[in-house]
Structure formats: structure tokens, C-alpha cells
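Think of it as A, B, C and D in the order they're written, each chain with its own count starting at 1.
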Amino acid sequence: MALDKNGIAQRIAQELRDGWYVNLGIGIPTLVANYIPEGIEVEFQSENGILGMGPFPFEGEEDADLINAGKQTITARKGAVFFDSATSFAMIRGQHVQLTVLGAMEVAQNGDIANWKIPGKMVKGMGGAMDLVASAENIIVAMMHTNRAGESKILKECTLPLTGVGCVKKVVTDLAVLEIKDGKFHLIERAPGVSVEEIIAKTEGDLVVPDHVPEMKL
Amino acid sequence: MALDKNGIAQRIAQELRDGWYVNLGIGIPTLVANYIPEGIEVEFQSENGILGMGPFPFEGEEDADLINAGKQTITARKGAVFFDSATSFAMIRGQHVQLTVLGAMEVAQNGDIANWKIPGKMVKGMGGAMDLVASAENIIVAMMHTNRAGESKILKECTLPLTGVGCVKKVVTDLAVLEIKDGKFHLIERAPGVSVEEIIAKTEGDLVVPDHVPEMKL
Amino acid sequence: MNKVVNNVEEALDGIKDGMTLMLGGFGLCGIPENSIAQLVKMGVKDLTCISNNAGVDDFGLGLLLQGKQIKKMISSYVGENDEFERQMLSGELEVDLIPQGSLAERCRAGGAGIPAFFTPAGYGTEVAEGKEVRIFNGKPHILESALTADYAIVKAWKGDTEGNLVFKATARNFNPMMAMAGKITIAEVEELVPAGELDPNFIHTPGIFVQRIFKGEKFEKRIEQRTVRPKV
Amino acid sequence: MNKVVNNVEEALDGIKDGMTLMLGGFGLCGIPENSIAQLVKMGVKDLTCISNNAGVDDFGLGLLLQGKQIKKMISSYVGENDEFERQMLSGELEVDLIPQGSLAERCRAGGAGIPAFFTPAGYGTEVAEGKEVRIFNGKPHILESALTADYAIVKAWKGDTEGNLVFKATARNFNPMMAMAGKITIAEVEELVPAGELDPNFIHTPGIFVQRIFKGEKFEKRIEQRTVRPKV
């Protein structure tokens, strides 16, 4: 069965390594924080200016001066730090953040990503996404394999305006874990109960499928 | 009579305006702080990382962590701020400092200045001098009119390696106040008792001399 | 070096039609509320506003949009604002979208006397159009230029009479860099203290970057996304 | 995210001949004394040292010069050191002199992922030789590149177990930028406190830039120019 958003987040959380600083984008990526594996310590960076982001505040304890990049009220963990936006993006651009997880509208087999603009519709802006994808050494994209019309979002080439070029190395969708290598998608894992055939059918980009494709362990 | 170092500093202090942030170089410029005119408030920036530099500490109150750009122990005034070297030079390069006073080995009539290196002798380095002269809108050079051999240091062209080009607008020496304009030195004031003839004789660069040259008021 | 002015009217004196303003804040967090209200009152028009976001319909920069006071917005993200959308789609409002990190760094560069720098952000996208590309360490970068403003308006937690500023939590965001980049920088603060009360080791924005400071009358500090968890 | 190591030996483990090191400090103020002593003990050679100054003959980086451990110095000012002068004039020591502001900004750029930037400092001087010149706002600037190091060694006043650092007075100087620019950054601190003891609003160097932290055994904190005034 295809994963829901929490399932995708849970699978991505398995990629976390002890001691990493991690930037989680808005949407599914935010949920990753709920599934940190035991024995693993990571720190969350939010690009508006906090390292050591904690969970949402208890009701009545919200502080308007303490928010994340999604403008949500948050808390600060023990050992947290606040800083300005230039310092925040110095961390990102300077590759001090070990993992960036973000959503996408489209991903292409050359690692291109599109996630900020749909021509003809309202453009909200790229926020920090372009800085993140251009700089991060380790990007995982969290997304649905297809759009609502059932069309693949895992493409030979992006059709939407790009956010970054050649930067995505791993994609976790509701159906599969894919790696991008040598200009192709490589099927690494499939969601529990999802067939290889379904993944092939719903992937427009070139897909390398090994003889055995293990199921995700969640 | 030619001014001594304190006299030069005293004359330069007359150029201070209320509300200015001022960077004083090592040597004669440092002495300017002793002659701030009454009713004028200025703040001293030292490029190693303090704004609001105060006088030397009382004996026994020296703090190894609190020094100026000359590595001298200092104090901090009320309202002072400490910052890192990148921020310090952001202030300088970004022209937030209204006046820079520094010494020179040579000044040329096009505003070039040489004050960091004598070929064949030990080179100590430029420290912050190149940043200061390249960025400051308002530079006053404090120097002796001639070297120990009696040769002019107020030149048509600098002979020593440059610190900056076309940046000096005013020079205060032991003999005179000079402005640099249109590629020439302009004699503005003479030291008390110093003759225009002496200044002309000791100035190698082109010097524009008005009919009346007032004496400095100290 | 007393930078204190009596009120928001004195603080914003001199801002005229057609000027470029920087306004601190991220979302509605750390925005100069009192100054924005005063800009509405002054009715200055044709402003170019450099601000990471554009507020919401009825708060923050949204108030200036309602009054059609803004000619051009330079931002990284402008969602959550219907009037913005309307003016943008109708062509009334010019919009320059900039990656957030480039926006922050361009403001810092403007304040630090660095006219241009290379960054990888935006390479290969429409942001790079018309910009110089150069490879460093095998990776393409684009040349971005400094931003400055006629007036920068920032909001701080505490400030002293010399203009030294301290920010609280994530309300710091763009405020320090914009303070550096304003030809005239105005700071509105929640608490105004005498010089010497702030620890000189822990000042975020040195007073040299601030020309005018005043205590804001009141701060609504509206929350954009109130997210909480239940108490157990 | 515990970054604490037990002692200076563990902290400097991995530093090898021929590596590039950044060392914080201005003059003898804010230098990593314990780490320098350990580098002497380790006897690592052919080092490239990026540091604003080179210490004095018998303290600071002067100790590494005595042992001929340094192949190249990248600094802005290297006076007050006879052994330095001797090695430089004899050609044993390579020296790259950089304007102080450019040095600070090049370290910051290295840490911030900015490969190059334009600055007016040094234009028209020998510092500009071989560098690209470009006019911005009618004024010539030169292109300066980022600096990074295999190890950056900084000295802080207080640090916590997560590597967050706080500096005292003008001992801050180059330490924060160098902390950003090290592939591995080592912090020696006067006081090491548990995470949560430092106010998150007032941390100079966020722990993300620091890989190892330890409490220095003792700090001599030598004063280079003791200037005082008599008590009245």
C-alpha cells in the first residue's frame, strides 16, 4: 500500500545519522522530526534563524518572537542558538548542515528539482529553497510519486521552472525510495505492498530496477 | 615654529564634528583623542573590534582581553560595543566611520598614500591600513613634512609601494595643513611662526599657495 | 552619541514618495509595527520595499499594499496575501523575487561595502538570468550585487540611547543586516535603556549602524501560524 | 550533540605535516594558547598558518616559528618578531600579506560558502597584482577569494558542550570567522558549561561551526603593550 505523509517522513527519518544538523522544509519534511530513530541525536536548523528547534509550544506558551521557517510557533531546545538570516544562510551555503529534506513538484533524472513556481498561477516565491538546494551536499526530496491527475512527478526532465540543477540524490515518495545516479533513477526500495510494476508504471523518468527490490522496513 | 606630534594631533582634532565615528591609526593619530574640542562628542572605533574606546586603564586594571589596534591595553566607555573583525571592517568598508586619521611615509598630489612598506627593509604588513584608505570618505593624514634627512614627504608621486590610490584629501604636518584637489596640494594653513617660504621649500609636490595663508589656531 | 528621537513621527521624518525602504522581519515576526503604521499615516507612495515577506492582508506590509503605497517589492516569499496577488497579477505591483539567503547576504554586502559576491544559489534557474556565471571549485556560481536603501527600518527588543540593539529569539532575522544597509537606519524598540545598560559583549547591532531610535508605543506581535501541543 | 573532548591532545588529533591551519587572535589577544603549545609538542611541520599576526618571539605563533614548523604565513601584520624577520629574509618562510579587512572577510566567505567577493581594499597596490579589477559605483574594486583551513583553532571565553561559543571583549577578533572556515574547528575555552547555560540570544559562534571543544588547562594571557594611566 502506498505510504501516507507520515510514512514518507518515517522512511526519511531512517536516513538520519547521529550528530547531523538537519534542515527540514515545510510540509512532509517537517514530520520527519517525529520519527527520529532511537540512539540518534540530531539538531534541527530553521533558516529564519534557529539551531536546536524543539516541538510546538504547549497551549498558552506560544511566543510570537519564536517561530520556524513555516512561521509556526515553536520552542527552543536546551543548547539552542538564535542568529540572523545572513548567519543562517552562511551555515547552509557553507555546507555546515548535513542533511536537507524538502518537498518538490517535480524531480528529474539528472537531479534537477522544481518546487517553487507554476507559470500562470500565483507565484509565492522561492524563500530559502534555492539556497538550500544549490548548497546542500545531501538532499532528500519528500514527495508524492504522482500528481492528483495520476501523472508522474518523477521525470526525464522538469517541465516547471527550476529551483536548482543536478542537486537531488535521493527521493522518497509514497511508493518508493529512488537514488539519482548517472542521469537515471535507481529503484532502491518499494513501499510495503507496492509492486515494482506499479512504480515502473508511475515513473516517467528512466528507472533502473534491480532483480530484487526490498520492501521498506517501517 | 614647527609643531610637535601633539601639535599635529591638536590641529587634527579641530576637524572633528559632533556625532562622528572616528578611527585613529597608530602613532600621532592616537594622540588626537587627547584634544577633542569642547561640546563635541565622537566615538572611537578600533579595527580589532571595539566601538567606544576609552582611555588607558588605571594601573593594575589592565585587561589582556581588552586592547586596541596598537595592541595597547585600553578601557571601554559606557555604551561601548565589542564585535568581530569582519563586522569591524564592514563598518570601515561600508563607510559608517566618518573620519579616518592615519600616518604616512609619503603622500602624493593625486591623493596616493604610502605607509606600509620600505623595499629591502623588513616588511611588517599593512594591517588594516589598506582597507581604511580604500574605503574612508574622509581621510586625514598626520605626518612630518620631511624625513630625517630633510627630504620632502609631500610628493609629486609616491616612490614607495602604495597603500592606496587617490584617497587622501587632507594632510596635517608639523608645518602646514594641506588639501589635495585637482591633482595638486593646496596650502590652507601654516603652523604658528612657520613661513610660507619654508613650506614651499620643503614641499616637492605641486603646491598652490593663496595670497594669504592663515596661521593655525591651536 | 544620542540617537533617540521622541516618537515615530520624528523617526520617519524625511521619507518621501519613490524612496527605497528596507523593512526587517520574517513573516510577521520582528517587523517594525509602529513604523509601518506611521508610513500608512504619512501616505508616502511609489515605495520600493525590500523585505523578506509582504505581510498579510491586514497586517505588516499588507497595510501599505492596501493603500497602494508600494510600487515594487523585493522579497523572497510573498504568499498569504490576497491583495498582493491581485496587484501583482494586474501589473500594478512590480515584484523582484530573490532567494532568501541571497537577499540576506546582499543586504549585508550593502552595509559592508562589498558591491558584489558569488553564490551558488539560483544557478540554472530564472534567478540567474542576465547574471554572470563563474565556476569555483568545479561548481557554477552567479554574481549577486549589494542592496542598500534610503531608509532601513528595523525592530529590536532592546536598544540603548547610542543606538545599540539587541534582538529576541527569531525576531532577529533580517533586522541586523538591514540596519547595516540603510543610508539612514531607524530602530523601533520595545525597551529603550540608557547607554551602558546593555552588556558590550552581547550587542547584536552596534549603534554605528543606527541613526535614529525610539520606543514603540505598542506591539501587537501577531502570530501567523499558531501551532501548539496539548499539555499532558 | 556533545562536542567535548577530554584534553588538548584529543582536540588536536589528526593535524599533520603540511596542513593549513587557521588560528584565532589579534596580537596575543584571544589566541589559542593551549593548542599552540600542543602543536609545538606534536612537532608537526610545513604548516600553512592563517592568522592575523605571528605572535612574538617567545609566545603565540612565535613558538611555532622557533621550531621552524611553519612553511607559510598568511597574515595582515607580522611585526614584533625577530625570528620571523630572520626566516622571512632568509627565504625559509613564505609570507602572504593580506589587508586585515580582506583577511577577515575572506575567512567569513570561506565559512559562508561564498567563493569570492569584490572589495576596494588594495586596489592600485601590490595586493591587487594578478587580481581581477572591476568598477562598481565608479570605484575600482578587486576580486578576493575565500579562505578555508583543514583545521581552525579558536579560543573562546565560555563554551558549552554543544560547541556554542562566547568571546570576551576584543578577544573575539578573528575567532568567529575562523570557526566558520575550518573543515574541522577546535575551540579551547576558559570555561566549559553544560548545554543550556548560555543564553541562546547571546551566542557569538553557534555550535554548528565547532567540531571539538575542550577546557584549556591554563591561560597566560600575555599583554603585548601594557599602557596605563596613573590613578589620581
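By definition in this document, a residue touches a chain if its C-beta (ideal position, glycine included) is under 8 Å from a C-beta of that chain, and two chains touch if they have at least 3 such contacts.
What you see is a predicted model; the values in this text were computed from it and never measured.
Q: In terms of CA centroid distance, which chain is the most far removed from chain D?
A: For chain D, the chain whose C-alpha mean is farthest off is A.
Q: Using Cα averages as centroids, what's the distance between chain B and chain D in whole Å?
A: From the centre of chain B to the centre of chain D is 28 Å.
Q: List the centre-to-centre spacing of chain A and chain B in whole Å, with centres computed as mean CA coordinates.
A: Whole-Å distance between the two chain centres: 56.
Q: Could you give the separation in Å between the centres of chain C and chain D, each centre being the mean of its C-alpha atoms?
A: The separation of the two C-alpha centroids amounts to 33 Å.
Q: Two or more other chains touching the same residue: where does that happen in chain D?
A: Residue numbers touching two or more other chains: 105, 108, 112-114, 119-120, 167-169, 200-201.
Q: Got the chain A residues that touch at least 2 other chains?
A: Only 76, 82-83, 86, 89, 92-93, 135 qualify.
Q: So with touch defined the way it is at the top, what topology do the chains form here? Options are line, ring, star, complete, other.
A: other
Q: So which chains actually touch one another? I want all the pairs, not just one.
A: Pairs satisfying the touch definition: A-C, A-D, B-C, B-D, C-D.
Q: Quick one: in the complex, what on chain D touches chain C?
A: 105, 109, 112-120, 134, 136-137, 141, 145, 166-169, 199-202
Q: List the residues on chain B that touch chain D in their complex, please.
A: Touching chain D from chain B are residues 46-50, 55-68, 70-74, 76, 82-86, 88-89, 92-93, 112, 122-131, 134-135, 161-166.
Q: In the complex formed with chain D, which residues of chain A make contact?
A: Chain A reaches chain D through residues 19, 21, 41-43, 45, 51-52, 76, 78-83, 86-87, 89-97, 135.
Q: List the residues on chain C that touch chain A in their complex, please.
A: Answer in residue numbers: 26-30, 52, 75-79, 85, 88-89, 95, 97, 99-105, 107-108, 119-127, 157, 167-177, 204, 221-231.
Q: Along chain C, where are the residues that touch chain B in the complex?
A: Result: residues 1, 108, 110-114, 160-162, 164, 180, 195-196, 200-201, 203, 206-209 of chain C touch chain B.
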